């Protein structure tokens, strides 16, 4: 980011802190799919006392953390193709069964990365649409059309400061009206029938800081703003 | 049968002999589904040296013969709900996978019972169509639409002497143009583009015997008839 | 912590509403979740739509549920059998509705319900009277029927072994409709002969992943419908 | 007697024709049937349509098949990866065609191909550019796309254990596309680390019944694509 940041934004959340915040909202007993990249971090921050079961679309329910280097099994990987482990109670299945879980609405939650999220919940996270891009979609479209609750974890803006929360996506859609909540380095924003609603800011970040970096109208529905 | 039989028909085949004849045509290595009732007998007559794998649609490939009374397992049954065994190399699967095998064209052959077979291969074997009948179809329609080769094993006529091989089925169809060969107590009859063709008679049974008891034109294409 | 064990069969089915759609596992007498169905009889829900391949045997299980007047409609492939006199009597008396579905189509419709596929095309049943009223379409030069997914409020199924997460193993051909019904119901209740802590079952061999299961009832020595029928047992 | 063992990988793929459609198992580097793909490279068939989730990694396996100019078209969900430079170069040069399919739709289309379902409706991809040219229809108030089955002349897959009948067990997440590709191909060739007589595998735990398998090649110590790529291996 080249622009001079106001002091408040120096304190914006790290990736780990965003992940930690997102993890707070996952109910005990949930079945969850975490998107490749930043959302994978969420698994490390599930609050103590809650048991969640992670699904990875390449055929494993009950995914555990990364193995120690000497325990790596190249035939036990996640959707991001990185080595993982299997927790007690895990099960393996083939790809059609795995996406029956996804499409059939059996997962409670997925948290995905995003290039853009629109005020109506449209998500773009698979293609820049550029002519020279290599098309690749993976399981993103299946997840957003099948999982009961779809949330996004992302930086609030791109590296050059362009808002990722927008009025209308400019990139090709992954799914229409699918996202219900967005966790960023600045805030937690809900997608409502009336557009983006700020429900929480990072410590030291103001409504105006967030609104200025959001590419669509933002309502303040924080408890504090309503009192 | 009330009518006086000609001497030749006193010698018509028993159920076991029909089954034995049908078994001759099953190639080594075939995957086969045998219909409930008379066709089940075929399994006992597979010629030595040939290995066939029996499918039962309730979830078993590699079905073996009936167990001895003390070895009955009520959770190991066939589609006719009778106790069976599992051969070495057997596998169990659920109903959707079982009918993926059927509908997907993976079985080489099924041999089914029949109420009527028409000269174009139409099969009726699931319903009398009577008002007071309890409708029940089971897997018959799936088998005839999915299995590569569908044959029939049946008595040539009903108990009152009515032909089962007919011009057009009077009972509700199980499938249209599906049967390719029929094994009866009198003959082996193929369904061809030109209708029924006699390819073999039981010992001592003549073409005229069979034709007189067949409800549609019958051509004689036996080797002997062509010389 | 994830622990899907229910205190009893009664507790597991306590919330079944009148008018609910209930899938009941089993093929013939193999895989019938007898204890769960008897708990459902005790519970009293009525006007049920039952999805089950057969229509029960003798005077126990699904046959008893019908005899008690709780079943408004059956969706199945083969309700007729030498032991299914209860269904036959109710059907002839016009006291139960029947939707007859070819067995493979029944299985595929249930799987589709669990897999988020609302409808599919199948060659099964084309050119028969079971095609009446169904959309037809040609693929590869053959007629096919459009068939719609089946889902249910409840599935009652039987397993050989379970863990607290609801992972399941079955026994031989008693597997039949259990795995797909578990996928297709809003609430899936399993009776299992053994119930262990997670980790007890080999993850490579689990047939039904726990995500499809909601409640696990431990029935260590389940009645076999086959034997109940053979002995002329009645329920209740 | 049923004995599907092939003498070698070369013998097992000898009959692949130019222009054939070939499904290749694996997700990322897990489950890639490297030895079978290398035998296909040696065999020389060209103008292939390959159905595979990814487009190969490094300079071995599917990536090498592409580099050798044998692949006219890929049907897959994720041909882009940090290691997939071969596909990227060929795609940018207009030397390979791509049909991009969402991963779950890819899996379901393959299963449908194996299950005799010519087409089905899915919500995945509706309202996206991957819906272009596809039939749309509403179910339950949501738009769905009509998707068609995928079948193939050949499937090349990898298993952990096999028997002579072709019954298969897989290893962990290397299972991925193997079981459904085995169903959907005219001829399915499996490489397995162990190959035993029928009866060696527990019938309750078999993942792929032998009916879906045509040839079994014993590759006792298969190369792992992950390691080949990490070491910069080239084939041929």
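Should a chain be cited, it is by its letter among A, B, C and D, assigned in written order, with residues numbered from 1 in that chain.
Just so it is clear, a contact is a pair of C-beta atoms (placed from the backbone, for glycine too) under 8 Å apart; a residue touches a chain by one contact, two chains touch by 3 or more.
As the structure is a prediction and not an experimental result, all values here were calculated from the model.
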Going by the touch criterion at the top, tell me which pair is linked by more C-beta contacts: A-D or A-C. A-D
What whole-number Å value describes the gap between the mean CA coordinates of chain A and chain C? 37
Roughly how far is chain B from chain C, centre to centre by C-alpha average, rounded to an integer in Å? 30
Where in chain C do residues touch two or more of the other chains? 108, 111, 115-117, 122-123, 170-172, 204
Where chain B touches two or more other chains at once, the residues are 86, 92-93, 96, 99, 102-103, 146
Among all the chains shown, which pairs meet the touch rule set out at the top? A-C, A-D, B-C, B-D, C-D
Contacting residues of chain D [partner chain B, same complex]: 1-2, 111, 113-117, 163-165, 167, 183, 197-199, 203-204, 206, 209-212
Please name which positions on chain A make contact with chain C in the complex. 28-29, 31, 49, 51, 53, 55, 61-62, 86-93, 96-97, 99-107, 146
What residues on chain C touch chain D, complex-wise? 108, 112, 115-123, 139-140, 144, 169-172, 202, 204-205
Applying the document's contact rule, which stretches of chain D touch chain A when the two form their complex? 27-31, 53, 77-81, 87-88, 91-92, 98, 100-108, 110-111, 122-130, 170-180, 207, 224, 226-227
Would you mind writing out the residues of chain B in touch with chain C in their complex? 56-60, 73-78, 81, 86, 92-96, 98-99, 102-103, 132, 134-142, 145-146, 172-176
